[in-house]
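These are the structures, in structure tokens.
Across the two complexes that follow, chain A remains constant while its partner is chain B and subsequently chain C.
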Partner chain A sequence: MLHYILRRILTMIPTLLIISMLVFVIIQLPPGDYLESHIAELQSQGESVDEKKIEFLRKQYGLDRPLPEQYGLWLIGMLQGDFGYSFEYDLPVTDVVGDRLFLTVLISITTILFTWAVAFPIGIYSATHQYSWGDYGLSTLGFLGLATPNFLLALVMLYFANVYFGTSIGGLMAPEYIDTPWSFDKLVSILEHLWIPVIVIGTSGTAGMIRRLRANLLDELQKQYVTTGRAKGLPPGRLLRKYPLRIALNFFVADIGNLLPTVISGAEIVAVVMSLPTTGPLLLSALQSQDMYLAGSFLMFLAVLTVFGVLVSDILLALLDPRIRLGGGIDK
Partner chain B sequence: MSARHFVSGEPFDPHSIEALTPVQEKYYLASQWKLMWWKLRRHRLAVICGVILALNYASILFSEVIAPYDLHTRHTDYIYSPPQAVHLFHDGEFIGPFVYGRGYELDMEILKRNYPEHRDEVLPLRFFCAGDPYRFWGLFEARFHFVCPPENGTFFLLGTDRLGRDMFSRITQGARVSLTIGLVGIAISFFFGIVIGGLAGYYGGWVDAVVQRLIEVIRSFPELPLWMALSAVLPVNWSPILIFFGITVILALLDWTGLARAVRSKLLSLREEDYCAAAELMGARPGRIIGRHLLPGFMSHLIASATLSVPAMILGETALSFLGLGLRPPVTSWGVLLNEAQNINVVALYPWLLFPVVPVVLVILAFNFFGDGLRDAADPYK
Partner chain C sequence: MTLPRRFLALCFVLGLGLGSAFAGLPELVETPSLEARVAAGELPPVRERIPDTPLLVELGGEKSPGMHGGELRLLMGKQKDIRQVVVYGYARLVCYTPEFDLAADLLQSYEERDNREFTLHLRPGHRWSDGHPFTSEDFRFYWEDVATNPELSPGGPEAQLVVDGELPQVEFPDRYTVRYSWSKPNPYFLPALAGPSPLYIYEPAHYLRQFHARYRDAEELQQIVDDENRRNWMAVFFNRDRPYKATNPDLPSLQPWVNSTTPPAERFVFERNPFYHRIDQNGRQLPYIDSVAINIASGKLIPAKTGADESDLQARYLRMDNYTFLKTAAHRGDFNVRLWQTTKGSHMALYPNLNTNDPVFRKLLRDVRFRRALSLAIHRHEINQAVYFGLVDESNNTVLKEGPLYRSEYQSAWTEYDLEAANRLLDELGLEQRDDRGIRLLPDGRPLEILVQTAGESTEQTDVLELIHDSWLEAGIMLYSIPSTREVFRNRIFSGDAMMSIWSGLENGIPNADTSPAELAPTSKYQYQWPQWGAYYETRGQSGEPPDLPAAQELVELNDRWAAATSREQRRRIWQRMLEIQEENMFTIGIVNHVPHPVVVNNHLRNVPKKGFYDFSPGAYFGIYKPDTFWFDEARR
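Showing the complex of A and B:
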């Protein structure tokens, strides 16, 4: 088991390296460097440019050196916990990101739990009652969930939540709790606001998961061991719980690799619409103002978050399924 | 006494005992595409969705004719005007399609524009008529419209936006961009998918390993932030057309992985087949073997999976344009239209600005069901 986890963590390293290269290329793509556009912006606003500070930043982040070297510096900096400097906020990136990353993680995890809680019973029901009215109805609902753009659902839900429940619009907590230390009331306020983004972000992921779970369980139900079990007189519920469901459960955990990118993508756009204090709006504004260290770190954080999520699901899967622990693999 | 062995001298025709009925013959001799078509035809929902899609795509050829107004015509007297209903009967008397006239008053308390209906003013719609001029397919001037507003009146089937532009006209013409972006994007990602997946599957070894790694990385990355980052890179001073292609390429850049995977796994199994070995022995080059012998074997399957990834592209464009990182006005797509509906006031006060989402959902559902049907049909021997 330890051996497996170790091997799995080692294979993460090249993946993360490729991701960091991709991110670096993307943040380098706009013409000019960050400081040039920053200076131009300052001058256009008629503000004076602090030559010394610019010079210091240029030196600090090695912007005068060739690209591969810059990449190396960026990478080493990140390993030491220095993610660069946000020109827009005039702060180190780590200070800007802080809480926001935590809230992104919180929303993502809650959404995944929600997705599981909804998708699991519905997926099983659809598979065991194939071609029934319930199956058709739920499938149609699922398709609708896939087809509706997240941001629109967010807008509409926000409106109705405000009209019917009086939830304050936007944000992740009632206005009076912003910038206050953590307390029980603050937590309650967050929970009151959390359900809208969770449902909105969860819909498309849930719909996808129901479809995949249904297909997977259907395959399993047609196998011969199920027929054998039924022929031997096992009651249907016990038969389902004892064998096919267990195998489908593996897939369920493995599917987090498909789910997590969807959830995080959804979280970004929904956060912009609902002005949640997560990474979404900040990433958008960083991209628009070409504050590229900030944007780059965000992309990197999101990627690392996904990769780690997949790692966790792989380890869980290994715990569940001896075939994986022992070196084989299952087909996703 | 053993039985005498007897052989008839008559010439033997094996078909005489295993004669195929005409139906069977038709089935066994049909090409793969024909079999696919037969199988697809039985899938009701897929056929209906196929027809819906075909109608949608046909409509983009004539969007100016279908739309009652031009894309940019402003009606400054009718800003944020709610949808006008089409009536058939007035005072219990059949008149044909008509709308009621409208007045205008400003609610001074909340500064909201109201457009009360004048029940006595009956304005019949005109059909096959001359309206706003446009250049048909960019070739010649035309004024012909399928339906026009009544004389001295307006016809806003789905209301107007903040500049007083007719939403219905804008939606029908926005379809042009939104629908083509999916097709162009899928064409690009199809190309990438076949080339990269083909190389990985045919050569195997380290090429395969590198490609697999790359695909894994791209798939593990949340799409939207990456799309956002890439489209933020597009220079602001590009022309709308260039931006359009830029966005398409960006959408395609992340989408080819699924196709490449399908191509790879199919090739890996097919290249072991005897006919492939035979072609190799006869000296065919890899390009010819892949293109001529292997690809046709699973082309249908590929097309089906491509159909299933069009919706993601359409949604992607909508999301990007909604955030203001995608297409920019004056290019009009469904996403650009929804960009106007960004804040909650719209939902509360002018909900008709959300209408563009209806065609988005419809087209995406249709693509999903049609793609599902195609995928089932793609394997006609099952």
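Showing the complex of A and C:
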């Protein structure tokens, strides 16, 4: 087991190296650099640009150096915990991202809990009552949630929340609470705003979750040990909880790898539409303005979390399910 | 921070002797929101806060003198947009009046001789927002320690201060006088000082010295550099010295409102500058409004948020197509919607790229008959009706009728929809052959298909291009629009890959004779009709190509003559000639101008004009209408 974990950790290193190279190259792919998009933006608003100043800035930002050198400096910096500098904000990347991390995690975790709370009972019900009216009805509802474009739902809900409840449009709290210390009123204001993104992001996730739980559970429910258990007189509820449900939960654990990065990145598109103070819009604007260290470091951070999440879920699965551990043994 | 406070104490003592200087001024009224701080001794009373001779603003006519108090809420799309408060605030050394003349503002007065020698007189007793005196030392610091410092300005001072490579002679005769002089005229100097994004020839020396290598111990400075993980001390200095970007709350300012929030943040509050230099006729120190609060929201949500009453004064991020929505929302909300006038020479113009790589097209586009034919084949009236509710003017890319240089023929030449004439011109050019679709054929046999590059930012452009496509087809020309992103768009034009592009027209459609006419001549590589010629001028021949059309050469020459001209009359004649050349040659093909822009104003906000110009330069958006004189009635104070 220890050997297995060690090997997995060692393979993470080349994976991350390759990801870092890809991230850097892809950010650099569009023509020009941050300063050029900066000039373009200034000029589109009629502001003038002094070419001499731009040259000076290019030197200051190190954008005049060859790409491999820029990449090297960035990589070495990251290893030392320095994620570089955001040109757009003129602040270290950690300061820019750190500020938004808490609210992002808050939204994501609430959304995940919401998704589970809705999907879990429905999934179990659909599996145990397969092909019943309830199964069809609830699945349809889930698919409706999946099929409605998130941004549209977001806009519609924003409108109604504003017209009927007087909630301010977009954002996570009423403007007067932004950047103020925590208070009860602020919490209430956040809760007033939070439910919209949670429902919007949540609805799209529930359908997938329902289907997966239903399929996994159906697989198990057909098995002979269930029949045996039922024949021996176990009450249906207890039987379900004790055996098939636990095995069907494997995919939950396997999902952790994907879960970690989503918790941090939030749902980008909904966040942009609803103007949430999360990291999603930040990443998008950084990519648009070619603020390369902000975008690059952020993407790297997500990559590390994904790789790490996959590792955790692999280890957990191996611990939980002996069949997976056995597979590793045969390999040796 | 200890130094200014000690200084203030000193000022209290000296302030007693200044009483006589206030003769002829209205009796001063203390600002209610500052009373507590004055009583606590943190701030001197109002008569010691304003300069000996403040700028007296007489409010009359449509505007009325107001009361102090309230918070002005604005919405912005990005954190970077907080600089708009510096634009709106519009306190400049000299500033434009609503009639677009220049007047002293921060300066008490100035004298100008033949555009060569400029003597600036400061207001004695004028202070920075932290209470430190504003004197010629601040100008000296800028000139000697920033603009001509080889480390901070390796390329030398800003372009507007250099005339044919010659640096100005800068003198500081006394504490309140500064003189800039050149041996040749420099018509760019005063407009640069009055710009919405002004040339700062003064810096708060008392604050910035601590980040400057000349004044700070090298080791201590290095310590700051290391602590902040910067490349060198210049980066530290520029991080602090951002009067326009307003990202440093510690930087003393002369603007009506001063930023009090350190970025990054989602909400920025600009507090009133207690040492501001303007007062009204009732002795109230401006600004009336205590603070400006900016909420950052996604730009696409701003019209909706404005409609939900979340902004008191909003024009940025609103567009003409939001007008109907806002009008409906105004019934529910506590605001009204006004239409101001934009001042672009053309809301959208086609830019034939005279430097395009394709030799056949290059030859064709450089032929004035072809450009005229393209213009004649645009059905501007239809565009006006279909896209702009018939509210705009069909026009060339030229000056607007409100401006002093306007002539009706500039606007109307070659703009009537006349397919017959267009077809005749195209036939004359030897493009009679057509393929089976009815598209004309070029001399080398290719069909006449024009690719128009767009920056891919607005559906409005695509709509207009679609209509032009239909009418050009009648003249046997095929139009394809190629959307991309802004950077790609520009690079295609610079490299010559683009044969035509669509972008907004002249920035300033209401110039007077003293406004630089450089936009009309090939002077910058960002002019999409002749980027290579522009680059040639800009780099003094190091890159680009020299213009080879006589008309373009004449424009360059006229632009240089304008800069050297000594009388207003000469400059006016040069302007007229340049506008004539544009009219004859159609180097850019304007479509419509005079497009209104919706401005949302809270019902309790007073003194915002019913009608106005909404433009960045020279109007500074709300700037020339002096937002420091806007005030809230009782309901919002």
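Note that the second predicted complex is superposed on the first by the 228 of 332 C-alpha atoms of A that agree within 3 Å, B and C clash if a C-alpha of one lies under 4 Å from a C-alpha of the other, contacts with A are read in each partner's own complex, and residues count from 1 in each chain.
Everything below uses one rule, namely that a residue touches a chain if its C-beta (ideal position, glycine included) is under 8 Å from a C-beta of that chain, and two chains touch if they have at least 3 such contacts.
Because the structure is a prediction, the values reported are computed rather than measured.
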Check whether A:Leu158 is in contact with chain B, with chain C, with both or with neither, and answer first, second, both or neither. both
For A:Leu144, using the defined touch cut-off, is the partner it touches chain B, chain C, both, or neither? Pick first, second, both or neither. first
I'd like to know which partner A:Leu302 touches here: chain B for first, chain C for second, both or neither. first
Looking at A:Gly81 after the superposition, I want to know if it touches chain B, chain C, both of them or none. Which is it: first, second, both, neither? neither
Examine A:Glu268 and indicate which partner it touches, taking first as chain B and second as chain C; both and neither are also allowed. first
With both complexes superposed on chain A, which partner does A:Pro68 reach: first (chain B), second (chain C), both or neither? neither
If we overlay the two complexes on their shared chain A, which of chain B and chain C does A:Lys52 touch? Say first, second, both or neither. second
Of the two partner chains, chain B (first) and chain C (second), which one does A:Gly257 touch, if any: first, second, both, or neither? first
Scan A:Pro277 for contacts with chain B and chain C and give back first, second, both or neither. second
Using the superposition on chain A as set up above, list the residues of chain A that contact both chain B and chain C. 30-31, 158-159, 162, 169, 272-273
In their complex, what parts of chain C are in touch with chain A? 73, 78-80, 153-156, 158-159, 196-197, 229, 231, 234-235, 238-239, 247, 261, 263-267, 293, 295, 297-298, 300-301, 304-305, 308, 310, 455, 485-488, 490-491, 507, 526, 538, 615-617
As the complex stands, chain A meets chain B at residues 14-15, 18-19, 22, 26-27, 29-31, 143-144, 146-152, 155-156, 158-159, 162, 169, 257, 260-262, 264-266, 268-269, 272-273, 283-284, 287-288, 290, 295, 298-299, 302-303, 306-307, 310
Quick one: in the complex, what on chain B touches chain A? 213-214, 216-217, 219-226, 228-230, 232-233, 235, 311, 315, 318-319, 322-325, 338, 341-342, 344, 346-348, 354, 357, 360-361, 364-365, 368-369
Contacts from chain A onto chain C in the complex sit at residues 30-32, 36-37, 40-41, 43-48, 50-53, 55-56, 60, 62, 82, 85, 88-92, 95-96, 99, 158-159, 162, 168-171, 175, 178-179, 272-275, 277, 281, 285
